[in-house]
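Two complexes, one shared chain (subunit A), two partners (subunit B, subunit C).
This part shows the complex of A and B:
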């Protein structure tokens, strides 16, 4: 059964993105130049990649609020370690650190039985504290060994690296979400955790896995970010989790769990970037942009609850 | 026969925690022999505790308000801007009403648009701060009226004035929670939203009211803090919402809703203020302090889980024993 309402629900974000792009194209013709499009896609990558991970968390009926802090910690780890280990070695260490922190989140949620929201709220404070302690609150600027520049300026098979990485992450995410037991379990847990438990799904292990996924995708985002900033700092990424959650929900992943939309997330991340980029090109000052982002977030949430209401009505 | 809750030490674990903590600090550091240390702890605790009273209602009803820190910044700016024109009494009234208005907006998003509370307030967290930045252009605002600094910095009969506010508001909050229909409805909603709905409580209205109450108490906290700091700005008190929620949760208010105590929230605020003071006195690195607070927070969040787990175990064991007895008798 795919009624028109259902279709609208699935493709809503594509429609909004197209309309927004059209509006901005009329207001500022610069937005559709080739250079700006590459620019758009590159900027979208940081949020999009972390949002791919968040799609799993929200589909499983949870949240990860600690990713902003994990992003900060990633920039610090890379800023400190790239001079010693080289770009790839440092990224490997950062991925390991991210994986461990994600597992810690998962263990707190499953063993201490705290709601994901509050658990990751606490680790958000702790992880940022760790990042600040690690760099003593200072910038870890990369002067030597600029291999990390590859992660923004380089190309993979002729495609700019951030765009290639985004595509790679989303193809993997889609495959995992759609065709692997892990994806099926995540959806099952999100639909009904008790039923999932009763039918033998290893709920705790899957949840821990979900937090490892959100953390490691965030490390990838952090790698791109460090490569742009060429510095690590414990204050980076305040509010990053909000942007990522916005992208995920706007993309059609339902807050009530069980229904994710991987490609929707990608389009929504693009949409957010288009809006930010458009507001920039229109010359709006930073606080107004933040205000606009907050308002867009509210609209996205209101839409989500509206769609949920419609769905309930149909039953 | 139930004892009055104030004297029931089982309900006042946090009080024992504060006493123990003070005893340990007094043994380890002579600064904790001074009366002034404790008075300053009480003063600092009040800035969190006052907002904690409102948050207690919110968490009892099963919701959260993450926007209080940003709201506080906006309200403090409003307070500083108007106090010269309005005088103290009118400023208190206006900033409370303004807070209630912000809270009502939060409540409307949550109860009418049906956005989950913590996400709606997370969005408002950014919106209020952006507004604060826009109205001040990112510059700090100051007031010229010296008398207004007394509200946050002065003493009344040797007691810090903010703590006097905290005492009065704690009493008022307890009265509202335990003795008024509104308070009972808050408890009922927290216990079971469905049951309350079926028994005729108008959930949406009560929830909006709850967020208005959070806003009102945040308004008073904003007044105290702006007076304390002689100024306000759009970047002030980042992370304040965590301090407030931490105090409420450490005070034993259940995250699952339905249970909680305003008095315990205020005592827990004193605990956190003591912890901060002690960490400063023992020269704990300021970044390390965050980590410690995060871990205390995690501990507080898991307290209820641990408590209900132990309770469940005890009940199961008792049930098993009773069953065994019955079987033997049969």
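This part shows the complex of A and C:
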């Protein structure tokens, strides 16, 4: 750590989230009621959990654009299989499927030497195709299998399940990022892939691992989503990857690789939800919400880059 | 005596270029062996073959008398070879200790969880054993270039390899650190390790190596005991011809003021810098790394904003806030960071040269780049700079270091600059090309172009410049007439040991 500037850079998103929350609290007192807070956290969970995985991909210097399609495929797998295998069995299968798809992404990137952006852009199309084929383009509804409801309405040790799962995922993500060789390897590869190779880091295996992580965290997100929708559908989650990448970058994970910020990602995912929720409570219509969201991002990212500039200037 | 390394008829060809042809020589165990040659002579290719990055097309490598098939970095390490590469192979976002032991991080026995204490202890012990004052917990991105270089060396030593290959290890080291490196190398030799030492610097070759192998155009020219050679004979072997020693022939004395700065300040980097330069003068700026010497020139080119101070060009006060301003005012700049901030590696030689003037030579209201005009410019500087390339469309990345440097010079000159700022103009280029660059600088000075150059190479400054400004901790501590100064006089001022005296102007 080197002085307040670097500290501020790491915690910048916290500041933005606090200010945004304060502004909305002044404008709409309803935002800080207990029920709404639980509502906020629950809504943030889907994006947040996938973003925990994306934090690894971007820290490693890559992207995973296929997660929107993996999300859709997850809802389809659950929609089809819950009636046969029960909720937990179906989730286990979905995790397995997600792991395989992630490994396929990783193999395409490492074996065929295709950049992550292009590789996952291609599998994004393929995986959505698979989801649509699997459900024949129709809804796989679960109105008769209400045990999946547990994933939104249930509680774990008294904590609403989505919130508990989010915490669990982020604690694990942070521990992996900070305390395991895998975490060091991911940061090393993102900061200089050639050097990582020369240093004897198993670069290909780590990259495959990263894509398995993004895919499996997305399956968890998809499980929460299915539980809310009670439907599997190959068309859900369009643009999901962009929302997740936005949360990750806004959270302070460097696009140039090497430096991630796991808790920043969580706070940024919350920030996105607060903005959406606050604008809703203000009664802003959807088109205006989009304008407001975009402007808030630009302001936040501009402040962030200004801070970095100041820090570099002082060096 | 056992041979640690035996190379037999090594041949490696890249598309269109024979990088190595039929190279054979032996290195006995416990020898420090220099490999020298001009850029493009094949030294780096040879090292990369031993390091497992390239595979030879023909020929074999024997390690300790055994045939070695080195197909990957892993194989190379398994044969006890460790390489310090010239390009930095460090991961800036990781700590010193994590960089050192990336492939071998200590974890708990039952969980893949890092154990930082033993990691730091091990790294600390290694660094202390080498006499390096580096914090294992420091992030590499916070280290200075020379400390990164020392870390790179420590990384190669951590494996306790029996063969160590160093590719220009001193390129960015200060003198005290070079001494430390010598100590390390002598210690390795005493322990029976073998060192292959690649360098352009004659002084180091004669300070630390036992034998020298000279490569030229991918072929081995000879292998001799260092003690049987002189710097001149090594250079002759390298270039295959006599090299004229550079001597400055007192360029036309001018009294016209080309550039004057007063009170230049950029807080934390340099303060109250004032000097005047006459038209056609070659002025050197000396100082240790971190003294602010590069920053002064960068701010004159508009790359770093000034906090205060005045700049006058030919008597007229000017403001330089961006490189565009500097180019408009006739200031040219050649970076020291050729690879990352100089060349456009994939663009052609032609485009690299004409880039600064592309708007000036474009036709149809700046919409159409006339290649014929570009070619004209390139032809002019190809002749003037003796630039060598296969075709004008050749990507500049395939040129040798010396020719890339000339491309940068051509780019600055094509904008018809009157003042040329140069950072380390001969870093990483070979002896022959160095001489050419010096001749060019003298020629430019005769044409009335004013040159300011920063260089870490003191003999170079003394030979090329008429005057030398010395910077210490962001302040000018000396203004010496090169003809009357020596290295000691510069170093005393560069280390703040001696304040400006009457001998200074």
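The rule is short, and it goes like this: the second predicted complex is superposed on the first by the 286 of 315 C-alpha atoms of A that agree within 3 Å, B and C clash if a C-alpha of one lies under 4 Å from a C-alpha of the other, contacts with A are read in each partner's own complex, and residues count from 1 in each chain.
The rule is short, and it goes like this: contacts are C-beta pairs under 8 Å (C-beta built on N, C-alpha and C of every residue); 3 or more make two chains touch, one makes a residue touch a chain.
Only a predicted model underlies this, so the values are computations on that prediction, with no experimental measurement involved.
A.B. asks: Give one of first, second, both or neither to describe whether A:305 is in contact with subunit B, with subunit C, with both, or with none.
C.D. replies: In the superposition, A:305 touches subunit B alone.
A.B. asks: A:132 contacts which: subunit B (first), subunit C (second), both, neither?
C.D. replies: The first partner, subunit B, only.
A.B. asks: Contact-wise, after the overlay, does A:118 reach subunit B, subunit C, both or neither (first, second, both, neither)?
C.D. replies: Only subunit B is touched by A:118; subunit C is not.
A.B. asks: Between subunit B and subunit C, whom does A:242 touch in the aligned arrangement: first, second, both, or neither?
C.D. replies: In the superposition, A:242 contacts subunit B only.
A.B. asks: Just checking: does A:181 make contact with subunit B only, subunit C only, both, or neither of them? Give me first, second, both or neither.
C.D. replies: Second partner only.
A.B. asks: For A:291, decide between first (touching subunit B), second (touching subunit C), both and neither.
C.D. replies: first
A.B. asks: Once chain A of both complexes is superposed, is A:20 in touch with subunit B (first), subunit C (second), both, or neither?
C.D. replies: neither
A.B. asks: Applying the touch criterion given at the start, work out whether A:108 contacts subunit B, subunit C, both or neither, answering first, second, both or neither.
C.D. replies: So A:108 only meets subunit B here.
A.B. asks: Which chain, subunit B or subunit C, is in touch with more residues of subunit A?
C.D. replies: When the residues of subunit A touched by each partner are counted, B comes out ahead.
A.B. asks: Under the touch definition given earlier, write down the residues of subunit A that touch subunit C in their complex.
C.D. replies: 2, 175, 179-185, 187-192, 194-201, 258-259, 314-315
A.B. asks: Quick check: in the complex, which residue numbers of subunit B touch subunit A?
C.D. replies: 109, 113-116, 118-120, 122-124, 126-127, 129-131, 133-134, 138, 239, 242, 255, 285, 287-291, 293-295, 297-298, 301-302, 305-306, 309
A.B. asks: Within the complex, which stretch of subunit A touches subunit B?
C.D. replies: 108, 112-115, 117-119, 121-126, 128-130, 132-133, 136-137, 234, 239, 242, 245, 255, 287-288, 290-291, 293-295, 297-298, 301-302, 304-305, 308-309
A.B. asks: Please name which positions on subunit C make contact with subunit A in the complex.
C.D. replies: Going through subunit C, the ones touching subunit A are 73-74, 77, 85, 88-94, 98-99, 102-105, 107, 112-114, 142, 155, 268.
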